[in-house]
Amino acid sequence: MHEEVVRFGVSMETDLLQRFDERIARQHYPTRSEAIRDLIRRGLVEEEWAAGAQDVIGTVTLVYDHHVRNLTQRLNEFQHRHAGEVIMSSHVHLDRHNCLEVVVVRGPAQRVRDLADHLRAVRGVKHATLSATTTGAGLP
Amino acid sequence: MHEEVVRFGVSMETDLLQRFDERIARQHYPTRSEAIRDLIRRGLVEEEWAAGAQDVIGTVTLVYDHHVRNLTQRLNEFQHRHAGEVIMSSHVHLDRHNCLEVVVVRGPAQRVRDLADHLRAVRGVKHATLSATTTGAGLP
Amino acid sequence: MHEEVVRFGVSMETDLLQRFDERIARQHYPTRSEAIRDLIRRGLVEEEWAAGAQDVIGTVTLVYDHHVRNLTQRLNEFQHRHAGEVIMSSHVHLDRHNCLEVVVVRGPAQRVRDLADHLRAVRGVKHATLSATTTGAGLP
Amino acid sequence: MHEEVVRFGVSMETDLLQRFDERIARQHYPTRSEAIRDLIRRGLVEEEWAAGAQDVIGTVTLVYDHHVRNLTQRLNEFQHRHAGEVIMSSHVHLDRHNCLEVVVVRGPAQRVRDLADHLRAVRGVKHATLSATTTGAGLP
(Lines give C-alpha, C1' and ligand atoms only; values in the text may rest on other atoms or scores of the structure.)
Protein backbone atom coordinates (compact mmCIF):
# COMPACT_ATOMS: atom_id res chain seq x y z
CA MET A 1 0.00 0.00 0.00
CA HIS A 2 2.27 2.78 -1.20
CA GLU A 3 -0.71 4.48 -2.86
CA GLU A 4 -0.81 8.23 -2.55
CA VAL A 5 -3.88 9.30 -0.59
CA VAL A 6 -5.67 12.61 -1.07
CA ARG A 7 -8.36 14.26 0.98
CA PHE A 8 -11.32 16.22 -0.35
CA GLY A 9 -14.40 17.80 1.16
CA VAL A 10 -17.98 16.58 0.86
CA SER A 11 -20.93 18.78 1.75
CA MET A 12 -24.09 17.22 3.10
CA GLU A 13 -27.24 18.12 5.00
CA THR A 14 -26.74 17.45 8.72
CA ASP A 15 -29.79 15.16 8.81
CA LEU A 16 -28.51 13.05 5.94
CA LEU A 17 -25.07 12.82 7.55
CA GLN A 18 -26.65 11.63 10.78
CA ARG A 19 -28.62 8.91 9.00
CA PHE A 20 -25.43 7.88 7.14
CA ASP A 21 -23.47 7.68 10.41
CA GLU A 22 -26.13 5.46 11.96
CA ARG A 23 -26.12 3.21 8.92
CA ILE A 24 -22.35 2.77 8.73
CA ALA A 25 -22.37 1.88 12.43
CA ARG A 26 -24.89 -0.89 11.66
CA GLN A 27 -22.62 -2.01 8.82
CA HIS A 28 -19.55 -2.01 11.11
CA TYR A 29 -17.49 0.47 9.05
CA PRO A 30 -14.58 1.99 10.99
CA THR A 31 -14.79 5.39 9.22
CA ARG A 32 -16.97 7.36 6.81
CA SER A 33 -14.14 7.34 4.28
CA GLU A 34 -14.03 3.54 4.20
CA ALA A 35 -17.81 3.36 3.71
CA ILE A 36 -17.69 5.90 0.88
CA ARG A 37 -14.76 4.20 -0.83
CA ASP A 38 -16.73 0.95 -0.70
CA LEU A 39 -19.82 2.52 -2.29
CA ILE A 40 -17.61 3.88 -5.07
CA ARG A 41 -15.76 0.62 -5.69
CA ARG A 42 -19.04 -1.28 -5.80
CA GLY A 43 -20.29 1.06 -8.53
CA LEU A 44 -17.08 0.64 -10.52
CA VAL A 45 -17.29 -3.16 -10.42
CA GLU A 46 -20.97 -3.11 -11.47
CA GLU A 47 -20.00 -0.91 -14.40
CA GLU A 48 -17.19 -3.31 -15.43
CA TRP A 49 -19.67 -6.16 -15.64
CA ALA A 50 -22.32 -4.08 -17.43
CA ALA A 51 -19.72 -2.95 -19.97
CA GLY A 52 -18.57 -6.53 -20.65
CA ALA A 53 -15.05 -6.17 -19.22
CA GLN A 54 -12.49 -8.66 -20.50
CA ASP A 55 -11.06 -9.83 -17.19
CA VAL A 56 -13.40 -10.28 -14.26
CA ILE A 57 -13.95 -12.89 -11.59
CA GLY A 58 -17.16 -14.69 -10.74
CA THR A 59 -17.92 -17.02 -7.89
CA VAL A 60 -20.48 -19.65 -8.80
CA THR A 61 -22.15 -21.34 -5.82
CA LEU A 62 -23.89 -24.64 -6.59
CA VAL A 63 -26.14 -26.66 -4.31
CA TYR A 64 -26.86 -30.18 -5.50
CA ASP A 65 -27.82 -33.67 -4.45
CA HIS A 66 -24.77 -35.87 -4.90
CA HIS A 67 -27.01 -38.94 -5.16
CA VAL A 68 -28.04 -37.87 -8.65
CA ARG A 69 -26.29 -40.37 -10.86
CA ASN A 70 -22.84 -39.23 -12.08
CA LEU A 71 -23.48 -35.64 -11.03
CA THR A 72 -20.26 -35.08 -9.06
CA GLN A 73 -18.39 -36.70 -11.93
CA ARG A 74 -20.04 -34.53 -14.57
CA LEU A 75 -19.45 -31.31 -12.63
CA ASN A 76 -15.81 -32.22 -12.19
CA GLU A 77 -15.31 -33.05 -15.87
CA PHE A 78 -16.99 -29.82 -16.89
CA GLN A 79 -14.59 -27.83 -14.75
CA HIS A 80 -11.60 -29.66 -16.17
CA ARG A 81 -12.68 -28.99 -19.75
CA HIS A 82 -12.63 -25.27 -18.82
CA ALA A 83 -9.45 -25.38 -16.78
CA GLY A 84 -8.18 -22.13 -18.29
CA GLU A 85 -11.12 -20.30 -16.80
CA VAL A 86 -12.10 -22.31 -13.73
CA ILE A 87 -9.37 -21.38 -11.28
CA MET A 88 -10.48 -23.40 -8.30
CA SER A 89 -13.37 -25.06 -6.57
CA SER A 90 -14.20 -26.09 -3.02
CA HIS A 91 -16.69 -28.56 -1.76
CA VAL A 92 -18.80 -28.61 1.41
CA HIS A 93 -20.92 -31.52 2.65
CA LEU A 94 -24.15 -29.96 3.88
CA ASP A 95 -26.06 -33.06 4.91
CA ARG A 96 -26.49 -36.67 3.84
CA HIS A 97 -27.87 -35.55 0.46
CA ASN A 98 -26.82 -32.01 -0.27
CA CYS A 99 -23.46 -30.63 -1.32
CA LEU A 100 -22.33 -27.08 -1.87
CA GLU A 101 -19.64 -26.35 -4.40
CA VAL A 102 -17.99 -23.00 -4.89
CA VAL A 103 -16.37 -22.54 -8.29
CA VAL A 104 -14.19 -19.49 -8.97
CA VAL A 105 -14.12 -18.50 -12.65
CA ARG A 106 -12.00 -15.86 -14.40
CA GLY A 107 -12.39 -14.41 -17.90
CA PRO A 108 -14.49 -11.98 -19.93
CA ALA A 109 -17.76 -11.08 -18.18
CA GLN A 110 -19.90 -12.65 -20.88
CA ARG A 111 -17.90 -15.89 -20.74
CA VAL A 112 -18.12 -16.10 -16.95
CA ARG A 113 -21.89 -15.67 -17.17
CA ASP A 114 -22.06 -18.40 -19.79
CA LEU A 115 -20.10 -20.87 -17.67
CA ALA A 116 -22.36 -20.10 -14.71
CA ASP A 117 -25.41 -20.75 -16.92
CA HIS A 118 -23.85 -24.05 -17.99
CA LEU A 119 -23.33 -25.19 -14.41
CA ARG A 120 -26.84 -24.09 -13.37
CA ALA A 121 -28.38 -26.09 -16.20
CA VAL A 122 -26.83 -29.41 -15.21
CA ARG A 123 -29.57 -31.80 -14.16
CA GLY A 124 -29.46 -32.33 -10.38
CA VAL A 125 -28.11 -28.85 -9.60
CA LYS A 126 -30.83 -27.33 -7.42
CA HIS A 127 -29.59 -23.79 -7.17
CA ALA A 128 -26.77 -21.74 -8.67
CA THR A 129 -25.81 -18.15 -7.97
CA LEU A 130 -23.15 -15.99 -9.58
CA SER A 131 -21.30 -13.37 -7.54
CA ALA A 132 -19.88 -10.75 -9.89
CA THR A 133 -16.56 -9.53 -8.59
CA THR A 134 -13.22 -8.17 -9.73
CA THR A 135 -9.59 -9.18 -10.12
CA GLY A 136 -8.76 -6.16 -7.99
CA ALA A 137 -6.19 -5.00 -10.57
CA GLY A 138 -6.53 -1.27 -11.13
CA LEU A 139 -8.96 -0.97 -8.25
CA PRO A 140 -7.26 0.79 -5.35
CA MET B 1 -34.42 23.89 1.52
CA HIS B 2 -33.39 25.58 4.76
CA GLU B 3 -31.42 22.49 5.76
CA GLU B 4 -28.17 23.11 7.54
CA VAL B 5 -25.27 21.81 5.46
CA VAL B 6 -22.00 20.55 6.92
CA ARG B 7 -18.73 19.70 5.25
CA PHE B 8 -16.44 16.83 6.14
CA GLY B 9 -13.28 15.36 4.66
CA VAL B 10 -12.95 12.04 2.83
CA SER B 11 -9.58 10.41 2.23
CA MET B 12 -9.08 8.32 -0.87
CA GLU B 13 -6.29 6.87 -3.00
CA THR B 14 -5.63 9.20 -5.96
CA ASP B 15 -6.21 6.37 -8.44
CA LEU B 16 -9.61 5.57 -6.97
CA LEU B 17 -10.57 9.24 -6.94
CA GLN B 18 -9.64 9.50 -10.62
CA ARG B 19 -11.80 6.51 -11.53
CA PHE B 20 -14.66 7.97 -9.48
CA ASP B 21 -14.35 11.34 -11.24
CA GLU B 22 -14.50 9.63 -14.65
CA ARG B 23 -17.56 7.66 -13.60
CA ILE B 24 -19.52 10.59 -12.22
CA ALA B 25 -18.83 12.46 -15.47
CA ARG B 26 -20.38 9.54 -17.38
CA GLN B 27 -23.32 9.69 -14.99
CA HIS B 28 -23.70 13.48 -15.48
CA TYR B 29 -23.28 14.44 -11.80
CA PRO B 30 -22.44 18.13 -11.29
CA THR B 31 -20.24 17.50 -8.24
CA ARG B 32 -18.65 14.71 -6.21
CA SER B 33 -20.81 15.68 -3.24
CA GLU B 34 -24.03 15.14 -5.20
CA ALA B 35 -22.83 11.73 -6.39
CA ILE B 36 -21.87 10.68 -2.87
CA ARG B 37 -25.14 11.92 -1.38
CA ASP B 38 -26.97 9.85 -3.99
CA LEU B 39 -25.04 6.69 -3.17
CA ILE B 40 -25.89 7.21 0.49
CA ARG B 41 -29.57 7.90 -0.09
CA ARG B 42 -29.85 4.84 -2.30
CA GLY B 43 -28.46 2.68 0.51
CA LEU B 44 -30.90 4.20 2.99
CA VAL B 45 -33.92 3.50 0.79
CA GLU B 46 -32.78 -0.10 0.17
CA GLU B 47 -32.50 -0.56 3.92
CA GLU B 48 -36.01 0.85 4.47
CA TRP B 49 -37.47 -1.76 2.13
CA ALA B 50 -35.36 -4.59 3.56
CA ALA B 51 -36.48 -3.65 7.06
CA GLY B 52 -40.16 -3.61 6.07
CA ALA B 53 -40.74 0.12 6.57
CA GLN B 54 -44.35 1.16 7.20
CA ASP B 55 -44.59 3.97 4.64
CA VAL B 56 -42.89 3.57 1.29
CA ILE B 57 -43.79 4.14 -2.33
CA GLY B 58 -43.64 1.69 -5.17
CA THR B 59 -44.13 2.26 -8.87
CA VAL B 60 -45.62 -0.77 -10.62
CA THR B 61 -45.17 -0.77 -14.40
CA LEU B 62 -47.49 -3.13 -16.28
CA VAL B 63 -47.34 -4.06 -19.96
CA TYR B 64 -50.43 -5.85 -21.26
CA ASP B 65 -52.51 -6.58 -24.30
CA HIS B 66 -55.74 -4.64 -23.98
CA HIS B 67 -57.47 -7.11 -26.32
CA VAL B 68 -57.52 -9.68 -23.56
CA ARG B 69 -61.15 -9.80 -22.56
CA ASN B 70 -62.09 -7.46 -19.70
CA LEU B 71 -58.47 -6.87 -18.79
CA THR B 72 -58.56 -3.06 -18.70
CA GLN B 73 -61.77 -3.33 -16.70
CA ARG B 74 -60.33 -5.78 -14.22
CA LEU B 75 -57.16 -3.75 -13.69
CA ASN B 76 -59.23 -0.64 -13.08
CA GLU B 77 -61.52 -2.37 -10.60
CA PHE B 78 -58.59 -3.82 -8.74
CA GLN B 79 -57.09 -0.36 -8.33
CA HIS B 80 -60.37 1.05 -7.08
CA ARG B 81 -60.74 -1.68 -4.49
CA HIS B 82 -57.35 -0.57 -3.14
CA ALA B 83 -57.94 3.15 -3.47
CA GLY B 84 -56.39 3.89 -0.09
CA GLU B 85 -53.08 2.55 -1.35
CA VAL B 86 -53.15 3.09 -5.12
CA ILE B 87 -52.54 6.81 -5.37
CA MET B 88 -52.60 7.22 -9.14
CA SER B 89 -52.12 5.51 -12.45
CA SER B 90 -51.23 6.60 -15.97
CA HIS B 91 -51.77 4.86 -19.22
CA VAL B 92 -49.70 4.81 -22.43
CA HIS B 93 -50.76 3.31 -25.75
CA LEU B 94 -47.69 1.54 -27.07
CA ASP B 95 -49.07 0.04 -30.27
CA ARG B 96 -52.29 -1.45 -31.57
CA HIS B 97 -52.11 -4.25 -29.00
CA ASN B 98 -49.91 -3.23 -26.14
CA CYS B 99 -50.55 -0.80 -23.31
CA LEU B 100 -48.31 0.34 -20.53
CA GLU B 101 -49.78 1.31 -17.21
CA VAL B 102 -47.87 2.92 -14.38
CA VAL B 103 -49.47 2.48 -10.96
CA VAL B 104 -48.12 4.38 -7.94
CA VAL B 105 -48.75 2.59 -4.65
CA ARG B 106 -48.12 3.77 -1.10
CA GLY B 107 -48.13 1.78 2.15
CA PRO B 108 -46.06 -0.67 4.17
CA ALA B 109 -43.30 -2.28 2.08
CA GLN B 110 -44.77 -5.76 2.42
CA ARG B 111 -48.20 -4.54 1.33
CA VAL B 112 -46.81 -2.68 -1.70
CA ARG B 113 -45.00 -5.86 -2.77
CA ASP B 114 -48.21 -7.83 -2.36
CA LEU B 115 -50.23 -5.43 -4.52
CA ALA B 116 -47.53 -5.59 -7.19
CA ASP B 117 -47.70 -9.41 -7.08
CA HIS B 118 -51.45 -9.21 -7.47
CA LEU B 119 -51.23 -7.00 -10.56
CA ARG B 120 -48.49 -9.17 -12.10
CA ALA B 121 -50.61 -12.28 -11.67
CA VAL B 122 -53.59 -10.96 -13.60
CA ARG B 123 -54.05 -13.02 -16.76
CA GLY B 124 -53.04 -10.95 -19.80
CA VAL B 125 -50.42 -8.89 -17.98
CA LYS B 126 -47.22 -9.72 -19.84
CA HIS B 127 -44.69 -8.01 -17.62
CA ALA B 128 -44.73 -6.20 -14.30
CA THR B 129 -41.89 -4.48 -12.49
CA LEU B 130 -41.80 -2.83 -9.09
CA SER B 131 -39.60 0.21 -8.45
CA ALA B 132 -38.95 0.50 -4.73
CA THR B 133 -38.76 4.14 -3.75
CA THR B 134 -39.46 6.48 -0.87
CA THR B 135 -41.92 9.12 0.29
CA GLY B 136 -38.94 11.43 0.67
CA ALA B 137 -40.03 12.32 4.20
CA GLY B 138 -37.03 12.30 6.53
CA LEU B 139 -34.65 11.88 3.61
CA PRO B 140 -32.76 15.14 3.05
CA MET C 1 -55.72 -12.68 -28.66
CA HIS C 2 -55.88 -14.96 -31.67
CA GLU C 3 -52.59 -16.55 -30.68
CA GLU C 4 -52.36 -20.26 -31.15
CA VAL C 5 -51.91 -21.99 -27.81
CA VAL C 6 -50.10 -25.29 -27.34
CA ARG C 7 -49.88 -27.55 -24.36
CA PHE C 8 -46.81 -29.48 -23.22
CA GLY C 9 -45.94 -31.60 -20.21
CA VAL C 10 -43.60 -30.71 -17.38
CA SER C 11 -42.25 -33.31 -14.96
CA MET C 12 -41.52 -32.35 -11.41
CA GLU C 13 -40.93 -33.90 -7.99
CA THR C 14 -44.21 -33.91 -6.03
CA ASP C 15 -42.60 -32.00 -3.16
CA LEU C 16 -41.38 -29.24 -5.46
CA LEU C 17 -44.78 -29.00 -7.12
CA GLN C 18 -46.41 -28.63 -3.72
CA ARG C 19 -44.07 -25.79 -2.74
CA PHE C 20 -44.70 -24.15 -6.11
CA ASP C 21 -48.47 -24.40 -5.67
CA GLU C 22 -48.23 -22.78 -2.24
CA ARG C 23 -46.09 -19.98 -3.62
CA ILE C 24 -48.32 -19.16 -6.59
CA ALA C 25 -51.27 -18.99 -4.19
CA ARG C 26 -49.37 -16.39 -2.15
CA GLN C 27 -48.67 -14.54 -5.41
CA HIS C 28 -52.34 -14.69 -6.45
CA TYR C 29 -51.79 -16.53 -9.75
CA PRO C 30 -54.95 -18.11 -11.14
CA THR C 31 -53.12 -21.10 -12.68
CA ARG C 32 -49.74 -22.78 -12.81
CA SER C 33 -49.52 -22.00 -16.53
CA GLU C 34 -49.87 -18.26 -15.93
CA ALA C 35 -47.17 -18.34 -13.25
CA ILE C 36 -44.79 -20.28 -15.51
CA ARG C 37 -45.42 -17.99 -18.49
CA ASP C 38 -44.60 -15.04 -16.24
CA LEU C 39 -41.32 -16.56 -15.10
CA ILE C 40 -40.40 -17.14 -18.73
CA ARG C 41 -41.35 -13.66 -19.90
CA ARG C 42 -39.42 -12.11 -17.06
CA GLY C 43 -36.30 -13.97 -18.16
CA LEU C 44 -36.80 -12.88 -21.77
CA VAL C 45 -37.09 -9.20 -20.81
CA GLU C 46 -34.00 -9.40 -18.60
CA GLU C 47 -32.11 -10.89 -21.51
CA GLU C 48 -33.28 -8.10 -23.84
CA TRP C 49 -31.83 -5.47 -21.52
CA ALA C 50 -28.61 -7.41 -20.92
CA ALA C 51 -28.15 -7.79 -24.67
CA GLY C 52 -28.68 -4.06 -25.28
CA ALA C 53 -31.92 -4.35 -27.23
CA GLN C 54 -32.75 -1.43 -29.53
CA ASP C 55 -36.33 -0.80 -28.43
CA VAL C 56 -37.21 -1.14 -24.76
CA ILE C 57 -39.18 0.84 -22.23
CA GLY C 58 -38.03 2.13 -18.89
CA THR C 59 -40.01 3.78 -16.13
CA VAL C 60 -37.96 6.30 -14.17
CA THR C 61 -39.41 7.21 -10.78
CA LEU C 62 -38.03 10.42 -9.25
CA VAL C 63 -38.60 11.74 -5.74
CA TYR C 64 -37.56 15.34 -5.21
CA ASP C 65 -38.15 18.46 -3.16
CA HIS C 66 -39.88 20.98 -5.38
CA HIS C 67 -38.57 23.80 -3.20
CA VAL C 68 -35.12 23.34 -4.69
CA ARG C 69 -34.72 26.37 -6.91
CA ASN C 70 -35.78 25.81 -10.52
CA LEU C 71 -35.86 22.05 -10.10
CA THR C 72 -39.35 21.43 -11.54
CA GLN C 73 -38.40 23.74 -14.41
CA ARG C 74 -35.13 21.96 -15.10
CA LEU C 75 -36.72 18.51 -15.02
CA ASN C 76 -39.41 19.67 -17.43
CA GLU C 77 -36.91 21.21 -19.85
CA PHE C 78 -34.77 18.11 -19.77
CA GLN C 79 -37.76 15.97 -20.74
CA HIS C 80 -38.65 18.33 -23.59
CA ARG C 81 -35.13 18.24 -24.98
CA HIS C 82 -35.53 14.44 -25.18
CA ALA C 83 -39.10 14.47 -26.44
CA GLY C 84 -38.40 11.70 -28.96
CA GLU C 85 -37.60 9.33 -26.13
CA VAL C 86 -39.56 10.62 -23.15
CA ILE C 87 -43.07 9.51 -23.99
CA MET C 88 -44.92 10.81 -20.95
CA SER C 89 -44.63 11.81 -17.35
CA SER C 90 -46.98 12.05 -14.38
CA HIS C 91 -46.65 13.98 -11.22
CA VAL C 92 -47.79 13.22 -7.67
CA HIS C 93 -47.73 15.62 -4.71
CA LEU C 94 -46.53 13.56 -1.76
CA ASP C 95 -46.45 16.21 0.94
CA ARG C 96 -45.67 19.89 1.32
CA HIS C 97 -42.08 19.33 0.17
CA ASN C 98 -41.85 16.11 -1.77
CA CYS C 99 -42.99 15.27 -5.28
CA LEU C 100 -42.92 12.04 -7.17
CA GLU C 101 -42.55 12.06 -10.92
CA VAL C 102 -42.87 9.02 -13.14
CA VAL C 103 -41.17 9.37 -16.53
CA VAL C 104 -41.71 6.74 -19.22
CA VAL C 105 -38.79 6.51 -21.65
CA ARG C 106 -38.47 4.47 -24.84
CA GLY C 107 -35.39 3.70 -26.92
CA PRO C 108 -32.27 1.53 -26.99
CA ALA C 109 -31.53 0.00 -23.56
CA GLN C 110 -28.24 1.85 -23.21
CA ARG C 111 -29.89 5.16 -24.04
CA VAL C 112 -32.74 4.61 -21.58
CA ARG C 113 -30.19 3.89 -18.84
CA ASP C 114 -28.29 7.04 -19.77
CA LEU C 115 -31.39 9.23 -19.54
CA ALA C 116 -32.22 7.70 -16.16
CA ASP C 117 -28.67 8.49 -14.97
CA HIS C 118 -29.12 12.04 -16.18
CA LEU C 119 -32.35 12.51 -14.24
CA ARG C 120 -30.89 10.92 -11.10
CA ALA C 121 -27.90 13.27 -11.20
CA VAL C 122 -29.95 16.47 -11.18
CA ARG C 123 -29.29 18.34 -7.95
CA GLY C 124 -32.36 18.12 -5.69
CA VAL C 125 -33.47 14.71 -6.94
CA LYS C 126 -33.34 12.55 -3.83
CA HIS C 127 -33.98 9.16 -5.31
CA ALA C 128 -34.36 7.72 -8.80
CA THR C 129 -35.15 4.17 -9.82
CA LEU C 130 -35.34 2.61 -13.26
CA SER C 131 -37.83 -0.17 -14.01
CA ALA C 132 -36.63 -2.13 -17.02
CA THR C 133 -39.59 -3.28 -19.06
CA THR C 134 -40.63 -4.05 -22.61
CA THR C 135 -42.68 -2.67 -25.48
CA GLY C 136 -44.57 -5.95 -25.43
CA ALA C 137 -44.05 -6.34 -29.19
CA GLY C 138 -43.06 -9.91 -29.99
CA LEU C 139 -43.74 -10.99 -26.42
CA PRO C 140 -46.89 -13.10 -26.34
CA MET D 1 -33.30 -39.56 -5.67
CA HIS D 2 -36.27 -41.68 -4.76
CA GLU D 3 -38.55 -38.67 -5.11
CA GLU D 4 -41.86 -39.33 -6.71
CA VAL D 5 -42.16 -37.41 -9.97
CA VAL D 6 -45.44 -36.15 -11.41
CA ARG D 7 -46.24 -34.67 -14.77
CA PHE D 8 -48.63 -31.81 -15.47
CA GLY D 9 -49.58 -29.79 -18.52
CA VAL D 10 -48.68 -26.18 -19.24
CA SER D 11 -50.44 -24.15 -21.90
CA MET D 12 -48.55 -21.46 -23.75
CA GLU D 13 -48.74 -19.37 -26.90
CA THR D 14 -46.65 -21.01 -29.64
CA ASP D 15 -44.60 -17.85 -30.10
CA LEU D 16 -43.73 -17.67 -26.44
CA LEU D 17 -42.80 -21.33 -26.39
CA GLN D 18 -40.49 -20.79 -29.35
CA ARG D 19 -38.72 -17.90 -27.64
CA PHE D 20 -38.42 -20.00 -24.47
CA ASP D 21 -36.93 -22.91 -26.40
CA GLU D 22 -34.34 -20.61 -27.99
CA ARG D 23 -33.45 -19.18 -24.61
CA ILE D 24 -33.02 -22.49 -22.82
CA ALA D 25 -30.76 -23.62 -25.65
CA ARG D 26 -28.57 -20.54 -25.03
CA GLN D 27 -28.58 -21.45 -21.34
CA HIS D 28 -27.63 -25.08 -22.07
CA TYR D 29 -30.65 -26.68 -20.39
CA PRO D 30 -31.22 -30.30 -21.44
CA THR D 31 -35.03 -30.09 -21.21
CA ARG D 32 -37.84 -27.59 -20.70
CA SER D 33 -38.75 -29.31 -17.43
CA GLU D 34 -35.29 -28.72 -16.00
CA ALA D 35 -35.41 -25.03 -16.98
CA ILE D 36 -38.84 -24.60 -15.42
CA ARG D 37 -37.86 -26.40 -12.23
CA ASP D 38 -34.87 -24.06 -11.96
CA LEU D 39 -37.02 -20.94 -12.36
CA ILE D 40 -39.30 -22.24 -9.62
CA ARG D 41 -36.50 -23.15 -7.22
CA ARG D 42 -34.88 -19.75 -7.74
CA GLY D 43 -38.13 -18.05 -6.71
CA LEU D 44 -38.42 -20.27 -3.63
CA VAL D 45 -34.90 -19.45 -2.46
CA GLU D 46 -35.45 -15.70 -3.00
CA GLU D 47 -38.58 -15.95 -0.91
CA GLU D 48 -36.70 -17.78 1.88
CA TRP D 49 -34.22 -14.90 2.13
CA ALA D 50 -36.91 -12.21 1.90
CA ALA D 51 -38.87 -13.93 4.68
CA GLY D 52 -35.81 -14.11 6.93
CA ALA D 53 -35.49 -17.91 6.97
CA GLN D 54 -33.63 -19.39 9.93
CA ASP D 55 -31.23 -21.67 8.06
CA VAL D 56 -29.72 -20.45 4.81
CA ILE D 57 -26.30 -20.41 3.22
CA GLY D 58 -24.40 -17.45 1.89
CA THR D 59 -21.17 -17.33 -0.04
CA VAL D 60 -19.16 -14.18 0.66
CA THR D 61 -16.49 -13.40 -1.93
CA LEU D 62 -13.81 -10.95 -0.79
CA VAL D 63 -11.13 -9.31 -2.92
CA TYR D 64 -8.36 -7.62 -0.95
CA ASP D 65 -4.77 -6.51 -1.01
CA HIS D 66 -2.85 -8.78 1.33
CA HIS D 67 -0.19 -6.07 1.75
CA VAL D 68 -2.56 -4.09 3.95
CA ARG D 69 -1.06 -4.51 7.41
CA ASN D 70 -2.50 -7.44 9.37
CA LEU D 71 -5.40 -7.86 6.98
CA THR D 72 -5.05 -11.60 6.38
CA GLN D 73 -4.64 -12.05 10.11
CA ARG D 74 -7.70 -9.99 10.96
CA LEU D 75 -9.90 -11.78 8.41
CA ASN D 76 -8.77 -15.12 9.78
CA GLU D 77 -9.44 -14.14 13.39
CA PHE D 78 -12.86 -12.81 12.49
CA GLN D 79 -13.78 -16.11 10.90
CA HIS D 80 -12.58 -18.05 13.93
CA ARG D 81 -14.63 -15.91 16.28
CA HIS D 82 -17.67 -16.94 14.23
CA ALA D 83 -16.72 -20.56 13.78
CA GLY D 84 -20.25 -21.78 14.42
CA GLU D 85 -21.44 -19.91 11.36
CA VAL D 86 -18.41 -19.73 9.06
CA ILE D 87 -18.25 -23.25 7.73
CA MET D 88 -15.24 -22.92 5.44
CA SER D 89 -13.13 -20.57 3.41
CA SER D 90 -10.82 -20.88 0.42
CA HIS D 91 -8.12 -18.58 -0.76
CA VAL D 92 -6.90 -17.73 -4.27
CA HIS D 93 -3.80 -15.70 -5.13
CA LEU D 94 -4.84 -13.44 -7.98
CA ASP D 95 -1.64 -11.48 -8.52
CA ARG D 96 1.24 -10.07 -6.49
CA HIS D 97 -1.14 -7.84 -4.55
CA ASN D 98 -4.65 -9.18 -4.76
CA CYS D 99 -6.23 -12.15 -3.05
CA LEU D 100 -9.68 -13.60 -3.36
CA GLU D 101 -11.27 -15.33 -0.43
CA VAL D 102 -14.50 -17.27 -0.55
CA VAL D 103 -16.21 -17.66 2.83
CA VAL D 104 -19.22 -19.96 3.20
CA VAL D 105 -21.55 -18.91 6.03
CA ARG D 106 -24.61 -20.70 7.41
CA GLY D 107 -27.30 -19.37 9.73
CA PRO D 108 -30.40 -17.17 9.82
CA ALA D 109 -30.63 -14.93 6.75
CA GLN D 110 -30.29 -11.74 8.76
CA ARG D 111 -27.22 -13.06 10.55
CA VAL D 112 -25.55 -14.17 7.29
CA ARG D 113 -26.14 -10.68 5.87
CA ASP D 114 -24.65 -9.12 8.99
CA LEU D 115 -21.49 -11.24 8.81
CA ALA D 116 -21.11 -10.31 5.13
CA ASP D 117 -21.44 -6.62 6.07
CA HIS D 118 -18.80 -7.11 8.72
CA LEU D 119 -16.33 -8.64 6.28
CA ARG D 120 -17.05 -5.96 3.66
CA ALA D 121 -16.33 -3.20 6.15
CA VAL D 122 -12.85 -4.42 7.08
CA ARG D 123 -10.30 -1.83 5.94
CA GLY D 124 -8.36 -3.15 2.96
CA VAL D 125 -11.21 -5.27 1.59
CA LYS D 126 -11.85 -3.80 -1.86
CA HIS D 127 -14.97 -5.66 -2.82
CA ALA D 128 -17.37 -8.07 -1.16
CA THR D 129 -20.37 -9.83 -2.63
CA LEU D 130 -22.93 -12.09 -1.00
CA SER D 131 -24.49 -14.98 -2.92
CA ALA D 132 -27.77 -15.91 -1.28
CA THR D 133 -28.29 -19.65 -1.53
CA THR D 134 -29.90 -22.55 0.28
CA THR D 135 -29.05 -25.58 2.38
CA GLY D 136 -30.97 -27.61 -0.16
CA ALA D 137 -32.97 -29.29 2.61
CA GLY D 138 -36.64 -29.44 1.68
CA LEU D 139 -35.86 -28.24 -1.83
CA PRO D 140 -36.29 -31.11 -4.28
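Read from first to last, the chains carry the letters A, B, C and D; within each, the first residue is number 1.
Here is the rule we go by: a contact is a pair of C-beta atoms (placed from the backbone, for glycine too) under 8 Å apart; a residue touches a chain by one contact, two chains touch by 3 or more.
The shown structure was predicted, so the numbers you read here are calculated from the model rather than taken from an experiment.
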{"item": "Common touching chains of chain D and chain A", "value": "none"}
{"item": "Centre distance in Å when chain A and chain B are each reduced to the mean of their C-alpha atoms", "value": "26"}
{"item": "Multi-partner residues of chain C (each touching 2 or more other chains)", "value": "41, 139-140"}
{"item": "Arrangement of touching chains [line / ring / star / complete / other]", "value": "ring"}
{"item": "Every chain pair meeting the contact rule", "value": "A-B, A-D, B-C, C-D"}
{"item": "Contact set on chain D toward chain A in their complex", "value": "1, 24, 26-31, 34-35, 38, 41-42, 45, 57, 59, 61, 63-65, 67-69, 87-88, 90, 92, 94-95, 97-98, 100, 102, 104, 117-118, 120-121, 123-124, 126-127, 129-137, 139-140"}
{"item": "Touching residues on chain B, where the partner in the complex is chain A", "value": "3-17, 19-20, 23, 32-33, 36-37, 39-41, 43-44, 47, 138-140"}
